[in-house]
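You will see subunit A twice below: alongside subunit B first, and alongside subunit C after that.
Up next, the complex of A and B:
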């Protein structure tokens, strides 16, 4: 039956070429579309995680919902010692965040002031890359403050200027100091740039009575794919019911929702495309098979069963699909691989993007063999489904009736 | 007949509105006098921890207010001034006067359940809210206060229980704009000081965190001494900090 199918493919060349081309194009486009969609989501996520949010963050329960000094992590050191034992973690650091008032003369603004460890922060986040003016913090930068560009603009501050700070220390007493602006950053995230500033923890801890206390611990993983496994390990190792370890999926739920919505719209447009491909192949098959009713009638008369006819059609579509997929898969895979290493750069807006510091202007593709394989499976499935209707159509004829069909 | 009933109902509504206004005005007068000096002790209780602060407060109407922290020693000398809807703070450690933006008036004050606005009592229940009597029980009248159109307040509604024997409140409940109960003030131990009555024990808490609350005790109160003008200038922030 296989040889018979092969002969039919060669005999009905027009139909075979059309099916081959359609299958080839849809395979390549499907693989590239999914690869680009996944790649841009991964890129969006990596950029956001790079700026400030960690892949995993450990909090005292209640800190995120209620907030306040009562919900600070009280023994940061012991948790950090435990985290150091987990291989899959690339880097981690504690941060102390507080909301206070920054003032320069008559200009005042509320700000989230965060105490960070500058050296560790250079591995954990891209804050240092967002520098626009001045310099980033270092471990001994004392009362130097690294400030968002919009906040600096609001307070009429420049590098080297002094700014007064008043806030609540970790024991709820007043904390006040004069800081000197060492650097101004711009991430492109307006809210972040207009309300956040940073100091070196070694100095800030003294001011805030925050030694060994932290708002949360920020963790960067060696491989983001290990997220859930490492998070479970952290929960097990820390073993403290007052603490919670949250992944970026919870921390950045708004972004996750946006990505899910984007995925849904992506899949809707993709399914429309696939439906069109499916109907085109099916119509081609149907026209072809309709013109072969007489042939199928004769085959039934000489003893071929309905099963044999189905097998014949199945082999025909299988050979054509396989041929198209075998050629499409390496081409699409190579393109995905190339653009995963050399992302597409949108030259027209590259300069504008660079003005926003760490926001990337690249659209990398995702290279994942399992994803490519399931994309090809979809193409196979659609092709096999496309022969069902023509098959039922020819079966609606009795063999003798079919032999007389014109 | 219908016209008479309609007329009577209008007159009754007007009288009740006037009475509500009258009660709220007398309540506010008891709190503020023409001017008032208080020494206040404040205890913040949260998750088993306690913190005590002491401060002196001078105010004249609802436009002028001066507060100085006198305990604990670490915070002693920090002063606050509120003048015509603007607020400043002086911190001796950095020797700076800092202007507090209006957006921070409702920020909680040093981990307590009171806000910057409560500290300087900038918003006025007489000027900013429209009162309506909703219940009477003996001498206690329950009044609903709804913000006037365009009033610079954030509470969606305040319900206050006023004892008309002394014109003091025994309980205020604050609601947000979605009509959700947010916080409460409980007032006890009413004392007569001169011609004014004032509760000397206040308990403030968030409605959704009952294990966290702030207790305020008015240790000293002096009304209408009329010598506070010198406190209501920006220079006073530094001068009276010592």
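Up next, the complex of A and C:
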């Protein structure tokens, strides 16, 4: 049967070439499309994860919805001790965020001021990489403040200038101080650059009476794929009903939702494309098989069973699609791999997707062998589906009728 | 070996244009017979062959192939029966265009699972008998009609069926080629003991066969041995 199938493929060349080319093109396009879609989404997420949001963050329940000093984490130290025991965690640190008024002479602006541990932030986030002028904080930087570029512009501040701060401390008392601008950063996230500034926790905690308290604890994983497993481990080890441990999927749910919607639209247009391609393949198959009805009829009279016919059609499509896939897969894989290392640059795309946190014009492709494999299985599956109709069509004739078919 | 008992077959049953294609046919064909089914056009020859060949159902009566009653078999069992017990030759040569002569002849044997060696040997043997052994590597459409029909006969014969059913095998051949084909089939019948049943209204065939069954309007009107 296999040899018979091979001969049919060689004999009915038009149909074979059409099937081959269509399968080839759809394999390559499917792989590239999915790779690009996944890749750009991954990079959006990665960018915003890198800048500030943690893979996992631990909150006191209520802080995210209601906020305020009642919902601060009170015993940061003991939680940190527990986290230190979890292997899959690369780094973690606590942050203390508060809102206050910054003013420089007659210019003033509200700002989220966050106390962070500078050394740990170097690992956890890319705040330090967004430095534009001056320098980043360090453990002994005292009243130095690291400020978003847009905020600095609003306040007419430059590196070395002083700025007054008024806010509420963690015990609800009044806190005020003078900070000195040590550095200005620009992430490209407009909201972030125009409203956020940082101080070293060691200094800020004194001012805010926030020692051992935190708004949340920010965690970075060694491997982001472990997310859900590690998160449940954290919940188990911390074992405190008043705390919640949230992954970036929850933390950035609006962004994730937007991406899912984007994915769905991507899949829909892709499916339409694939359906069209496979209708064409099926039509070619069908025309080919219709012209062979008589031949099949004779063979069935002679003793060819339905199973034989199925095997024959199956082998034919299997050989053709395997050939196409075997050639398409390495090509598509190489392209994906190349663009995953050397992202395509489309000028202006960062502007379009600014809300998502895209800060560059690069679209890196994702390179994932499992994804490529499932893409190829879809192609195979659709190819196999395309022989079902012709198969039933052949068998809808009685053998003896088929021999008279013209 | 083949036994028909009161076989009836209708087309368009119950409609005004009903055709009673086979009327109460009873007959027996033994192993090794060389039989002609004759009669005017439309008398039911093809219908009878199709019934015996398990290609078409009947409305009443029984057809036995050895101990098996064909009517009681489902489609898959009929296919197996055709493959293992029967050989077919059609009016149009009906070879597989993509396969060489050799592969066409061996096709049925291959379906039945004979070994490559057995197939090769048997193909050479029947091809020599039918004088197509110099064409084994050719594709069917490069052969003459007479040669193609001989390939079709070879395909039917190769797997040594109990009986070969041939519906107008010479209809597309000139008298010379018809004669050659008939002689060869006669020889196969004698050498291998394969029973052959033809349907034909070709006068020429009459001289080669040993038994003639005549139908008219679906009725068996004559059955005599020569």
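Quick note on the criterion: the second predicted complex is superposed on the first by the 389 of 406 C-alpha atoms of A that agree within 3 Å, B and C clash if a C-alpha of one lies under 4 Å from a C-alpha of the other, contacts with A are read in each partner's own complex, and residues count from 1 in each chain.
By definition in this document, a contact is a pair of C-beta atoms (placed from the backbone, for glycine too) under 8 Å apart; a residue touches a chain by one contact, two chains touch by 3 or more.
All figures in this text were calculated on a predicted structure; none of them were measured in a lab.
For the overlay on subunit A, clash or fit between subunit B and subunit C?
fit
With both complexes superposed on chain A, which partner does A:82 reach: first (subunit B), second (subunit C), both or neither?
After superposition on chain A, A:82 lies in contact with neither partner.
Determine, under the contact definition given at the top, whether A:61 touches first (subunit B), second (subunit C), both, or neither.
neither
Report, please, how wide the angle is at the C-alpha centre of subunit A between subunit B and subunit C, in steps of 10 degrees.
Nearest-10 rounding gives 140 degrees.
Does the superposition put A:164 against subunit B (first), subunit C (second), both, or neither?
A:164 contacts subunit B only, not subunit C.
With the two structures laid over each other on chain A, which partner does A:400 touch: subunit B (first), subunit C (second), both, or neither?
In the superposition, A:400 contacts subunit C only.
Report for A:156: first if it touches subunit B alone, second if subunit C alone, otherwise both or neither.
A:156 contacts neither subunit B nor subunit C.
Considering only touches as defined above, state whether A:103 meets subunit B (first), subunit C (second), both or neither.
First partner only, subunit B.
Can A:229 be said to touch subunit B (first), subunit C (second), both, or neither?
In the superposition, A:229 contacts neither subunit B nor subunit C.
When the two complexes are placed on top of each other via chain A, what is the minimal CA separation of subunit B and subunit C in Å?
Scanning every C-alpha pair, the shortest subunit B to subunit C distance is 73 Å.
Within the complex, which stretch of subunit C touches subunit A?
Contacts found on subunit C: 50, 53, 55-56, 76, 79-80, 82-84, 86, 88, 90, 94, 96-99, 107-108, 111-112, 155-156.
What residues of subunit A sit close enough to touch subunit B in their complex?
The contact residues of subunit A facing subunit B are 66, 68-70, 99, 101, 103, 106-110, 164, 166, 168, 171-174, 176-178.
So in the complex, which bits of subunit B are touching subunit A?
Where subunit B meets subunit A, its residues are 44, 46-47, 49, 51, 69, 72, 74-75, 78, 89, 91, 93-94, 96, 98-101, 103-104, 107, 110-112, 209, 212.
In the complex formed with subunit C, which residues of subunit A make contact?
4, 7-8, 10-12, 294-295, 298-306, 308, 398-400, 403
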